[in-house]
Structure formats: C-alpha cells, structure tokens
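Listed next: structures, encoded as structure tokens.
Same chain, two partners: subunit A is paired with subunit B first, then with subunit C.
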Partner chain A sequence: MKSLHRIPTWVQALIFFLVVGVVVQMAFAQGWLSEYWQQILMAGTILAVSALGLNLKYGYGGLFAIGHAAFYGIGAYASALVTKDWTTQWSGSPVGGLAGLLGIEAGFIAAAVVISLLDIGHRRRRLRERLEELVSPFEASVLTTTLTILVAGVILVVVGGGVGWLVRRAVLAVGPSLFGVLPEAIAQQVVFLVALIAGAILAALVGFVVGLPLLNLTYDYLCIATLGFGIITYVFFNNADQLIPTMKGARGMVAIPRLTTWPWVLGVFAVAIIVMRNFIYSSTGRAILAVRDDLTAADTMGINSYQYKVLAYTVGCAYAGLAGGLYAHLYAFLHPSNFTWLKSIDPFVMVVFGGVGSMTGTTMGAYVFVTLLEGLRVLPAELIDWRYVIYPLILLFVMLFRPQGIMGTSELGFLKRPKAAAEEPEKVSASEKATSESTASGSEG
Partner chain B sequence: MQSNGNSTVLKIDGLTKFFGGLRAVHDFDVDIKESELVGLIGPNGAGKTTIFNMITGIYPVSSGRVMFQNNNITDLPAHEVTHLGIGRTFQNIRIFPKLTVLDNVRVAYHPHASYNVFDGILRSPRFGRGEKEMTDRARQFLSVFGLEKYQDSLASNLPYGEQRRMEIARALATEPDLLLLDEPAAGMNPGEIVELMDLIHFIRDRFDLTILLIEHQMRVVMGICEWITVIDFGEIIARGTPKEIQNNPKVIEAYLGSRAAEELK
Partner chain C sequence: MDNKVIKLLLRALAWGILALVAGVVVRLVGGVIIDSPVTFVQQMLNGLQLGFMYAMIAVGYTLVYGVVKLINFAYGDIFMVGAFVSFFGITQYGFSFVPALLLATVACIFLAVIIDRVAYKPLREAPRIAALITALGMSIFLEYFTALKFVFSPDYIAFERPFELVSWEVGGIRFTNIQLIVAGVSILYFLGVQYIVGRTKIGKAMRASAFDKPTAQLMGINVNAVIGATFALTGALAGTAAMLYATAYPQIFTFMGLQPGLKAFVAAVIGGIGSIPGAFVGSLIMGFTEAMTVGFVPYGSTLKDGVAFILLIAMLLIRPTGIFGDPFEEIK
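Coming up: the complex of A and B.
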C-alpha cells in the first residue's frame, strides 16, 4: 500500500474514473447490462451527486435542512426548459429559455450583491438587539425576521428585475448566432452543458436567498423552515403551467431531450466529487467543519459562522440542482410528485446510511438506496410488494447495529483526508493512531 | 505600537447586562495596561463569564462601553473582536471535537488565509504555499505546547488537560494582544496547576500578551496575577493586589458568608 500513496491524488482519481468509465461503457455497448440496469446505474450516480450536496449541508455543515428535493427540482425544470426550447422553440426562440434563465440568475446575483453590500444580516442583529429593549425578545425576533425578508424581497424585485431584463434582452439578441456557428449535434451538447450549469446556479441562487434569512435558525427550527420552502416549491411546480405553459404543472413536463448518457453522468459525478474533496480539504472546508463542531468557538477563532453556513448551504443546493438537470434529461419526463418534501428524505437516507460526513459513504448510500428500491424488482412477482418491507428493515438494522452509517466518517482512496505530517519525524505512531481510531468509532457506536 | 510602556489595552466603563429582569452584571469597569496579568474572581454566578462574553461579542451589551486599544468594540460580532486582537478560552472547553488537533489550530489561520476557495478547489500553487505556511505555523504552536505528537488524532480523543492546552494554543494562534482565560485550571490536579501557572507566565513573555484571567483556584490567582478585581452578584466589591484581596473582609464575606467572616475576625 505504501507505493500507492506516492501516486499523486489527482492521478489516482483520473485512473479510477477512466477505468470505471470505460468498463461500464463497454458493459453497456456489449449488452452485458440490460437497459434497465443501465438506468439504475445512472440514476444511482445522479442521486449520489445530489446526496453529496446534502452531505455538505448536513454532514459537513451540520445544517438540519429538509427541502433538498426542491433544489433538485429547480435544477431539473430549469435545465429542461433550456434544452427543450432548443428543439421545440416553445418560447419562440431556441435560446428563449436560456435567456430567461440567465436573466433570472443575473437578477438574483445583482440583488445578492446589493444585499451583501448593505450587510443586512448584521443590521438585522443590531436592530433586534435594539428592539429587545422596547419589546419582548420574541416579538423583536419576529419583527426583524419579517423586515429582513421584506427588504430582501424589495431589493430582489427592483434591482434583480432591472438587471435580469437587460441580460435577457442581450442573450436573445446574440444567442442564436453564437450557437449557430456550431454543427447541430455539437451545439446540442454545448446547450446541454450550459443548461446543466445554469440549472445548478439557479438552485444555488434560490438556496442562497432562502438561506440568508433561514440560516440564523438552528436544528429543528431550520428543519421546519426549510420544509416550508420545500412545500412552497412543490406547489409552485404543480401550478407552474400558469407561468410557463411548457412546464405543464400537475400533468408533468414531457418530451425533454434524452441527453443524459453514461459519459455525462460519470463526468459530472467525477467533477462533483473532486471539487467537493478539494473544497472540504481546504481552509474554507475546515472553517465549515469548525462551525459545525462548535459555532461559538468558531466565531472566537475569527470565523464569521453565519457566512460559512450560507456557503455550505448554497453549494449543497448547487449540487442538488446539477443532479436535477441530469435527472430531467435521463427520463425525459418531469412530474412535481418527484420533488415533494417526502423526496427530500431520500438523500437523508443515503447520507445517514452511508455515513454522515463521508463522501465515500454518501456515494455508497446512493447506490444502495437505488439498488434496494429498483433492484428488488427482480424478485418474483408474488414477492415484489415485499420491497417496501425489505428495504426499511435493512435501514432499521443498519441504524441499530451501525448507527454511524456504513463508512462512519472514513473515506476510501483518493477521498482520504491528506495527512499533514509525512516529512516530520514526530508523527503519530501506528499503534497510537490505531487506538485513537478505535476509541473514535467506539464513542460513536 | 508596542513597548511604549503602560498604554491601556482594555478599558471597560459601566458595563451592564440584564437577562430579562435579572441583572447579571452591573456597572462593571476595569482598566488593563499593556502586558499586565489581571485576575477576575468571584463566587459562582457572580457574572464573570458574562463579562467575558460581552467583551468578546457573544452576548449583546445592555449598556456600557468596551474599548480595546482605542477601538470601541462594544457589541461587535465575535469574529470581528477576534480580528482586532482578543483571543479567549472557555470555561467548559470548546474544542472542535471532530477535527484533528492540527486542524483545530489551523482553523485560527483561516481569516488570514493567503489563498481563496477557488485556489483550494483547483489546488493551485498558491493553495500549496498557503497551506504549508499555515501548517508550519500551527505545528510551531503545537510544539510549544508539547502537542505535536497528537497532531493527526481527533481533538476529542485528547486527555482533558491536553484539550485545555490545545484550546490555549488555538486562542494564541489567532495572534491576540489580549488573552482572556476562563478558568484555565478547572478540573486540574495540584501538579497540573503548577505547570499551568508556569505556562501562563511563559506565554505572556513569549507572545507579548496582556492576560485577563477568571479563576476559582485561589492558588492560581494569588500566585500569578499582578492585581485582581473581585465581583459578587455582578458588582465590583474589591480591587487590589493579591495580598490586599486576601485580607479584604468583603471578599471573605462573599466567599465564605458573613458569619464565617465574623468568626475569622
């Protein structure tokens, strides 16, 4: 194993993803895997990307936030609207959807910049402290929260609306000629890439704006508040045809181009997990983990804990949106019922089953989840309804006998935390390390 | 800035804190000069930790003013107070249990990190340099405190005394000018207390610190503090050198009750 550690991490990752990619692609091409299992494999990988996002929020950030499925849905619908416009021109122009989406995003970003320049979070706290001298702390909290949301809303409408309108006009003007120079097949792939990124960014922006007022809350309160947002989004999807007829509301959006292929899925997953690894094993990642472990202590280390909660939440939402985009183009059909708040529990199951705060575990959790739900369809017809007995029972036993999840907080291969030591002579001896690790798992168990 | 003798580092005027109707701290003031080692003592519930929490921006101040090196830091958020140069430890140790010992200290360098989040994601050369610099500095602190052998183990696995030392190392890594120690000797045996007293003297000289210390163990306070402020029920009842405090009847009364104070006379 010693020689393995000399290979740079990025080479290990590259070799791993190349081998997995080629082997699975061959299995697809040779027909060793039925189309059904191909779909399961891709769905599992897509869910892994989404679950990685929740692991960042919940596992690394310590934010007990329900409503992940809402951001998955936002990414799915947003990217589907872009690619569908390219083929059907539902909005009258092949880049109409894209122009609208980019307009919304530019508007959001402009509003966010204005909000951060005004330092609203800080002002809110000051105002609450002043108000507490006049009214009860409860009333002060309610008043300032309401006011914060109100002010943020006004900025969003006025500044965001203005900037968004300008950007939309600009994309509509130059978009068609920009994509027109490429051959049709390539242009479609490029549009797909742009749609995925735009979908992820939209989910991140919505997460950011929702997170700003909510992330002052902790634990159950944050859970209830984000749950509320999940329900709002579901209602929005159900009635979205009032706003954009192509989204078809409760009837479900159909005829989305099937652009999600194995190379796309694996490529996105590889980028997602490597970015996550590098992000969490950096100074910023350490700050996020510190805020999770002890918020007050993190503040006294000079870390603005609120800012890092918002960061973890926003990036987590981006992962959900990215996964949603792949999902939309895999099944070519979107229905609001896939994004109810109940679906927000699924990534929780994957993260908790695999190991809270473990990228390896979260990925494994996603595959196990999909395999148990879909894979158990291979059971004989008279047993097939037992799926919903078998799968919960497995979860129950895992939680009883391994409550920290399959992986705990450990990682495998290139996802392992880089050791700082190495060149120094006074590193922890192997026996000491072993005892410390066994006590760690012992105290968790 | 430094070495101009006895400039005031921390000046507090009329600091008051209400929790609802309860007056936890009333009209507290203190004036601490550069490189002094000052004690803040008082019976349980006297409001000592509340004062620390107001200085460091964890609790909002009800009224009064906190000046640090001529900056008004009243009601600044905690992280900004740290940036200005006040480090602290906590009465009930607040470590980052699931981070390694090295990472616990490295967190303190994050606000001054020489690379940004994109350098981290792309693993740019700037990331490598910045990370190495942080690691080297954190290791230096760990070796000063004799903790380098634990650097890769989880902080929660350290023995209690080592956790306390690590918390002090971490506070020092924020490069404070003023260090607030909240009951550093809590839960230590007499031998460890002697070591701790040496350590506090050592870090003050080595890092050019001014130290304000809350402590219950009279040995610690009497042994190392240059002067002491005593509070009871949120109000200052005495102030002076350790000798003066030891013989102050009000202090004896606060600690032992009025009857015991009578008997001692």
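Coming up: the complex of A and C.
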C-alpha cells in the first residue's frame, strides 16, 4: 500500500518539466545565461534526444549500429527543406517541400502496407520450396528473387507512386488555404511541428528499409554495414545538390529559419523521454530487452526477435531524425561534415559514458559531453585542441574501468521501472532478472 | 502440361534471366572498353596499385580478426603513424628509401603491440562489444592526439619521395616505378604472411588460438604472446604499407588512415574476413571498383566512397562470409 502515498509518476514528470522549463526560460529572459550558453543548453538537450534513440538501439536493443548521424542528418535536411520552402517558396508553393516529403512518406508507407498485407516474404518462401522440387536450389532462388523484385517494384511504383502523388496533390491544394487561416507566426510554428514529425518519420522509414536486410547480421558485421550506410549517406548529402538544388551539397545549406526555441526543445525532449519510458516498460519494451539479453531464449519463448530488432532500430532512427530537425533549426546551417560517421560516435560516447540502457544516464551523458566539449573552450588557446583528445580517452577509461557506464542501468525519479511491473524481489542478480523478464513477456505474447 | 516441360521452361527462364543480367553487365563494361581502351587499362593499373596497397592493410585486419575476433579500428591510425615516422626519417635524418621503410615498419610494430597491451588485453574476457568500442576510442584518440601541434601536425604535409618517380609509356599507358614497387612488396608480404601463418610454429600457434583459445592454452600455447605476435605482424604490414602509400600519394595528415583503413577492412569483409587470400582478392576488387568509378562514372571522384560501401552491403546481403572462408582452416 506504500505506492498509494506516492505521487503519480505523470504528476512528477509534469512538475519536473514545468519547473525546469520555467527556471531556464527565466534564466534566458533575465540574461543570467549568455546567448552562447543558451545555445549550448539547447544543443545538449537535442543531443540527449538523439542519444536516447541510440540508447534504444544499442542500450536496450543490443544492436551495435553506428550510423546514427546519418539518420540525424536525414531528419535535419528533410525538416529544413520543409520550413525553408515555407519562407522562401523555392518550389513555387509555400507547402511544396511539405507536399513532396509527405508524398514520399505516404507512398512508402502505402507500398510497405500492401507488401506486408500480401505476405510476400512468406509467399516467396513457399514458392521457393515448391520450385526446389522441380529445379535446382540455385535456379529456384534466381526465379523467386527476380519475381519478388518485380512484384515489389510494381507495388512500389503503382501503389506507392499513386498514393504519394495523391497525397502530394492534396497537400498542395489544401495546404495554403489551411495555413492561410492562421496568423503568419502561428502558421509557421505549425509548419515547424509538422516538419519535425515528417523528418522523424522519414528517418524512421529509411531506418526501417535499411534495417530490414541489415538486422539479420550479427554485431561485427552490423557495425560495419551500418557504418557503410553512414558513409553512403554522407556521400549523398555531399552530392545532394544534383537532386535537390536547395540542399547545396558540399557548400552547406544556409538560411534555414531559426525556429528552435527553448520551449520547443524542452517540449520535444519531455515527450521523447516519456514516450521512451512508457515504451520500454511496456510488454513490447520487455520483449526488446529479452532479445538483447538472450536471443535464443527469447526466440524459444515465442518472441519474434527479428521483428523487435527492426522495431527498436526504426524507433531509434525516428528519435535521431527528430533531434536532427531541432538541430537544423537551431543553427540555421547544415553541412554534410556534421553527419560523417565520426559524428555517429558522439551519441555513442554519451550512451556509453552515461549508462548503457539507462535513460537518466544517457541524458546525463549528453549534457556532460556538451559541457565538456564547450566548457573546455575556456582553456588557453594552445590547449584547445586537447578537447578531442580527452573525449576518446573518456571512452577508453569508461570501457576499461566501468563498462556499464556511470549510471549502469539504474534510473532516477519518474524514469524508474514502475513497481507493479517489477514484482520480483529487490535483490535478484542481473542474469536471473533477464530470465524472469523474458519469461514474463513470453507468456504474455 | 507435362511436368518435364514445366521443369525445362522454368530452368530456361532462370538461365535466361541470368544471361540477361550478364549481358547488360558485359554490354556496359564492354562498351567502356571499346570506347576508351587506353583509359580503361590506365584506370585498371591505378586500381591495381590502390588494390595492392589496400591488400597489405586488409591482411592486417584479417589476421587480427581471425585470432582475436576484433575489428582493430585503430589499425588505420597505426598506418598513419607509420607514414609520419617515415616522413620524419626522410626529412630529419635524410634516410633513403629502405631505411625509412624499416623505420616505419619497426615503429608500427611497437605501436601495434603497445595498443594491444594497453587497450585490448584487459578486455580479452569482456563482451566483444566492449573491445570494439575501445578500438573505436583508440582510433579517435590517435587521430586527434597526433593532430596536436607538438606531436605531429594538424596540417596537410607534402611527403618527400625518397626516390625519383620514373615513368614509362607503352602505347599511351603510363607505368611508374612506384606501381612496380608497390605490387612487388605487396605480393612479397602476402607470400610472407602466408608462409608465417601456414608453415611456421608461431603460425601454427596462431591458427590454434584462432580456432579455440582455451584449448590452445591447455596445449601449452601462450595465447597472449601469440596475440602479441599477431599484432606485431600486422604492425609490420601497416608500417610498410604506410610508407608505400605516402610515396604513391605524397600527402600526409593525421586523418589519412581513416579512409584507407575503412576501405581495406571492407575489402577484407568482401574477401571473407579471417581469410588471407580473401583479403588480397577483396582488396584488388576494391581498388579496381574504385578506380573504375573515378574513371567512368559521372562525379565518380566524389561518389567512389559510396560505391565502395554499396559493394560491401551487397556482399553482406548475398554472402556475409565473403568470397573465401576461414583461412586458418585452409592453409594447412
């Protein structure tokens, strides 16, 4: 009955974010924090959102994937294209960018839904089995692969293209009048919100499409393959002006409206962390943890491990895209060099330093990282270059002396595992805990 | 319809599809060769030069992966240190080619062994991901640490070639003495590594450790010493490759190890990680693809990194174990 006396977690979270938001906003308004430190605080919070995504992939999902910066970049560029179009109308219509982006996303989702409804993977396997009775396995695989590519291609072009075109036309037709009703300032904020969400969805879609084949690989190969994807994306960003001139490729995209403000950053962070908390303590979240802890055991318990890996990866990518959108509108300038694979290591350092599989730790890690990197600017000029020497050293020392990170897997405040879900006695060793978790989620699913 | 007819039709269809794909590929490649045979051969030579260089690095990756199951991310940076050491040997002490090459080789052997002792050895029993992250950290540390002003330099430095560049022209195709040296040294090293791993006692110990560490230990093999020897061997490869690389592409900077390192690793994966001939063949494919992209694809010089990794992802999807299998099984 102890839990009755406690304050409900949602009230705790509300109070926490209100207090933090108001205090920091006051600090900004009163000028207690310089413009420079305001930006750093916002950058730290944005990085925390991105690192939370990586924590889902690596900390909770156990997927050693290092292409996070690519998805950060996809979200950043996509949302920047939408809002920039709203102000400059380079495509001829204020909602041109939005219409294009939503069209692509709707088309992809429609095609993916149709492909999964038709159960193509399963049909392909059955066809292959039947063909193998007639011809050699190699010939059978050639035939089924060709057929699958053809069918999927036709669905993508017909369904995806059709739905995408319809959505694009609809947004182009309705968008201007819909936003025209609102006052200019509010309309811009609404567009910004839609752009952020659309950017996150695009990152998730790309993550999904990339993850589908790659998540069959185990971690060394997954690491190299995702790293490769990161480099391909970087090359794409560098040459993107061939495709979309406003992205400016290697020259860097400029004049993105500065829309990221403290309320936006904190709001997104609050939503992100609360969604992550509820997600990871749900039965789906427990299944993801079970897959991380013991893939074979999870499979035996009837958890479709591959499906949960793809889910964790996709949601993680969405977080990166969301953070990328905020980032683009904070600095108003995007350059491909901000999304190289070396930048994928930054969120890694945060997660590893703060605590692998801890939201509190990851957030802390993000702030420590940003503060350290920027705080060390006060060093005398000849020592400034040491900043980037120190941060891999932190990574090395953490790995050698505390591989689970500062926080380990523990959480603070409202991020703690709810009591009802943690029925097992307090003092259970980690391995036993994992087994009981996988058993619990297995029997539910 | 008769079952036999259906069977025949299906087989014909399958091979028809394959023939179609092969025909398109041959048409594309053939068209290129017919249109500009001189450029093609020239690019092929460039690709081979690059490939032989990658091969030395890739063999290093594959050896370490075979024995300790670790992607030694810091390997590209050991390579970079080798290039800088040979640069200092040449400019500060007036070394000629061979002493500079030896200096770089010895320096890299020491560096590789020290990195293993300091960073990887304490994590031998830890989860493999911990060692992988440590390797990444080590790589970034080496890059930024050597970029400090009092260590090496944050700038791009022009590398002084220790010997004159001589080139011959045969029918419009340019050969250089560097290409010959690179190919020769690379093949020598390849044969040397094959010999060490396949025919010597330490090689036998390496194979045993790669196959089953606990059992190898029980058989009286000092596994840590064997791993040290493996790292030393890879260090020698990196040092020599670095000197040759800097001579062929005479510009050095502290991030120079990043791209060749990654691509050599990709080459090793394509060839079959853990396989020495695989690393060699994979590297040649890699160098060839890159040179062809630069030569014949529009905007090729900016796209070449992307193409290299598209090759990797395609390979991982079709055949994750690469072209060749496990080397420590094959070389008996």
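Here is the rule we go by: the second predicted complex is superposed on the first by the 359 of 445 C-alpha atoms of A that agree within 3 Å, B and C clash if a C-alpha of one lies under 4 Å from a C-alpha of the other, contacts with A are read in each partner's own complex, and residues count from 1 in each chain.
Definition applied: a residue touches a chain if its C-beta (ideal position, glycine included) is under 8 Å from a C-beta of that chain, and two chains touch if they have at least 3 such contacts.
Being a predicted model, the structure only gives us computed values, none of them experimental.
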Partner chain in contact with A:I104 - subunit B first, subunit C second, else both or neither: neither
Touched partner set for A:L396, first subunit B, second subunit C, both or neither: second
Subunit B versus subunit C as contact partner of A:I231, first or second or both or neither: second
Touched partner set for A:L143, first subunit B, second subunit C, both or neither: second
First (subunit B), second (subunit C), both or neither touched by A:P213: second
Which superposed partner A:A152 touches (first subunit B, second subunit C, both, neither): neither
Subunit B and subunit C contact sites that coincide on subunit A, given as residue numbers: none
Residue ranges of subunit C touching subunit A (in the complex, touch as defined): 3, 6-7, 10-11, 13-15, 17-18, 69, 71, 119, 122-123, 126-130, 132-134, 136-141, 144-145, 147-149, 154, 262, 265-266, 269, 299, 302-303, 305-306, 309-310, 312-313, 316-317, 320
For the subunit A and subunit B complex, residues of the former touching the latter: 10, 122, 125-126, 129, 132, 275, 278-279, 281-287, 289-290, 292-294, 296-305, 357, 409, 419-421, 424, 426-428, 432-433, 436, 439-440, 443
In the complex, subunit B residues that touch subunit A: 56-58, 60, 75, 77-79, 81-83, 87-88, 90, 94-100, 102-103, 106-111, 113, 115, 117, 119-123, 127, 130-131, 134-135, 139, 148-154, 156-157, 170-171, 174
Sites on subunit A touched by subunit C in the complex: 64, 66, 131, 134-135, 139-140, 142-143, 146, 213-214, 217, 219-221, 223-225, 227-229, 231-232, 234-236, 238-239, 242, 250, 342, 345, 348, 352, 382, 385-386, 388-389, 391-393, 395-396, 399-400, 403
